[in-house]
Amino acid sequence: MPDKFSSWVTKILAVFKKEIKSEFRTRYALNSILMFSVVTLTVLSFTVGQFSLTNSVKSALLWVILFFSAMSGLAQVFIKEEERKTVSYLKLSASPNLIFLGKFFFNLILLLILEIITVPLFLILLEVRVQNWDLFLAVLFLGSLGLASATTIIAAIVSKTDLKGTLLTILSFPILLPLLFISIQGTKVAVMGAPFYSGLAEIKFLFSYIVVMLTASLLLFETVWME
Amino acid sequence: MWKALLFLIMSYVIISAYLNPAPQQSLGEVSRIFYFHVPVAWVSVLAFLVSMLNAVRYLKTRDMFYDVKSSSAAQIGLLFAFLATVSGSIWASVSWGSYWNWDPRQVSIFILLLIYGAYFALRSAIMENEKKATLSAVYSILSFITVPFLIFVIPRVFQSLHPATSVVNENLKIQMSAKVSLVFFPALIGFTILFFWIWSLQVKIFSLALKKGG
Amino acid sequence: MLSLQLDNVSKWFGERQVFENINLKLENPTSLAIIGPNGCGKTTLLKIICGLIRPSRGKVRIKIDGQEVKPEVQRAFFSIVAPDVELYEELTALENLEFFTGLRNYNSSRTELNQKLEQVGLKDRGNEPLGSYSSGMKQRLKYAVALSVSPRVLILDEPSSNLDEEGIFLMEKIIEEQKKDRLVILATNDLKETQYARQIFKLGN
């Protein structure tokens, strides 16, 4: 049994490493995701940055940027395979769920790299003073996990259609809505300096969202992948 | 035979909705929309459930018949969700002063509309029938499991600025007078039967089209 | 001993039927050539056999020494070389080989992988990204990747596409080798290529 488990981990890592290598050499997703968020941030900073915004609005803006950045870059991981016809070999070579997890972790890392660059920029440009960093980072991380998990399975669905890009946003929005609301709430609470335990409800919610999304993704992915 | 029953129930509902005293005297005649709006909203949610259950059966059996059932239920659900939104905002405009207030219930029905819209957008982006059926079934399931989260989140985020104006409060405790419930519950049942009737007709039509085509 | 069986396999895409009730039984060692006019579904049938596409009806069965293999693990027995089955252009030949062999539990060393490259005449080109390969070289690499996992069933769609004379010679050697104790199933428009197979199956009316 531990043998099997370690072979799963090796394969997931293999898929993950391949995605990183591919991305590093072509930079499609990373470029588009970074470009998108930097441009959006600049637009926001110039237009609304000069007004004094409430913490609620600022928290909401952060997650709006993250949501749309995810839309612009996280679907590549499947669309690229379909368009370049590399899906077939991949299908033949490994069990679907291992492939899903490898790509999911890749999307997560992509999102986190994006955040390392954009979140500090956001905090500076929009003059956000975070008072409870622990809570802020916890919500950011868990929210990103949720964002990546829902987006990855929907990206898989969308990659099999004729429309791809736009469809991703239309399909993801209703499903990500609860995640966005709670992440915004949690971010706001953290910025305003509430103690960690008052953000516990949000943290618990985010946890359950992630668990449900990942479980559902793993149960449904094979069906989508084999189409 | 049950069609006759449906006819009787609906006639009774429609007639007494107008003849009986209005459910909420404070709002006057417009509150009669309650007999229409609430059952219609209920059906739009019921349709979502029916659609999801048939989506699961399709995935298990790969029988296109279940896809027909699933998508027709979604179609009717979309229509009813639209009607619920419109009737709700008419009611809102009279009782709260504006057509749209981001009240939790309005937000919920709006999101349901978004989900139905996304479902059909997905279907229209796929040419092959089997693929269309499979992928939309997956989406139906995914969007359905989001519902519990939405139910939890929406009331927390969207505070209802207005007191519980409807005759049924959040705990679904019935606060209706006997006269009103005499019309309301038959309305609920009547609309539910109406849904199943329209649904079965749609399924028959699409099944025939399916057989003829393939 | 491996046996591959198709039971009443049918496929249609939407309303268009590709083929119906295909029944086949193959046991190793043997080779099969599938021929037929353009559009009769040769590629589709090959892909159904190796599990890349689901049949609309019917089943593909594999038995090892009489024991039936579960559908989820059937794919481990196949390798495919086909025009629309591509490798990763951003990666080098060796990286492609390492990736796919790793995924399929064939942890080969660099030397072993280089041997595979040599077998298809790509000995010193292992560290170049595929983007710089010609189409003939890519075809050869596809063979290398397919063989690197010692498949029990080798599926070839248009086996000689893009290959030059030397490539064809290498391909013939590979097919002969594989035919000795395994299964080879190929699909082709070129009737000459049916010589590689012991049995022929004709698709299309």
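The letters A, B and C name the chains in turn, as written, and every chain counts its residues from 1.
Here is the rule we use: a contact is a pair of C-beta atoms (placed from the backbone, for glycine too) under 8 Å apart; a residue touches a chain by one contact, two chains touch by 3 or more.
Quick caveat: nothing in here was measured; it's all calculated off a predicted structure.
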{"item": "Longest centre-to-centre distance from chain B, chain (CA-based)", "value": "C"}
{"item": "B-C against A-C, pair bridged by the larger set of C-beta contacts", "value": "A-C"}
{"item": "Identifier of the chain whose CA centre is least distant from the whole-structure CA centre", "value": "A"}
{"item": "Rounded Å distance, chain A centre to chain B centre (Cα mean)", "value": "32"}
{"item": "Chain centre separation in whole Å, for chain C relative to chain B (CA means)", "value": "51"}
{"item": "Between chain C and chain A, distance of the C-alpha-averaged centres to the nearest whole Å", "value": "37"}
{"item": "In chain B, residues with contacts to at least two other chains", "value": "127"}
{"item": "Complex interface listing, chain A residues touching chain C", "value": "7, 10-11, 14-15, 18, 21-22, 25-26, 84-86, 88-89, 91-95, 226"}
{"item": "Chain C - residues contacting chain A, complex", "value": "47, 50-52, 54, 72, 75, 78-80, 82, 84-91, 95, 99-100, 102-105, 129, 145"}
{"item": "Complex contact set, residues of chain A against chain B", "value": "153-154, 157, 160-163, 167, 170-171, 173-175, 177-179, 181-182, 185, 205, 209, 212, 216, 220, 223-224, 227"}
{"item": "Contacting residues of chain B [partner chain A, same complex]", "value": "59, 111, 114-115, 117-118, 121-122, 125-127, 131, 134-135, 138-139, 141-143, 145-146, 149-150, 152-154, 156-157"}
{"item": "Complex contact set, residues of chain C against chain B", "value": "12-15, 56"}
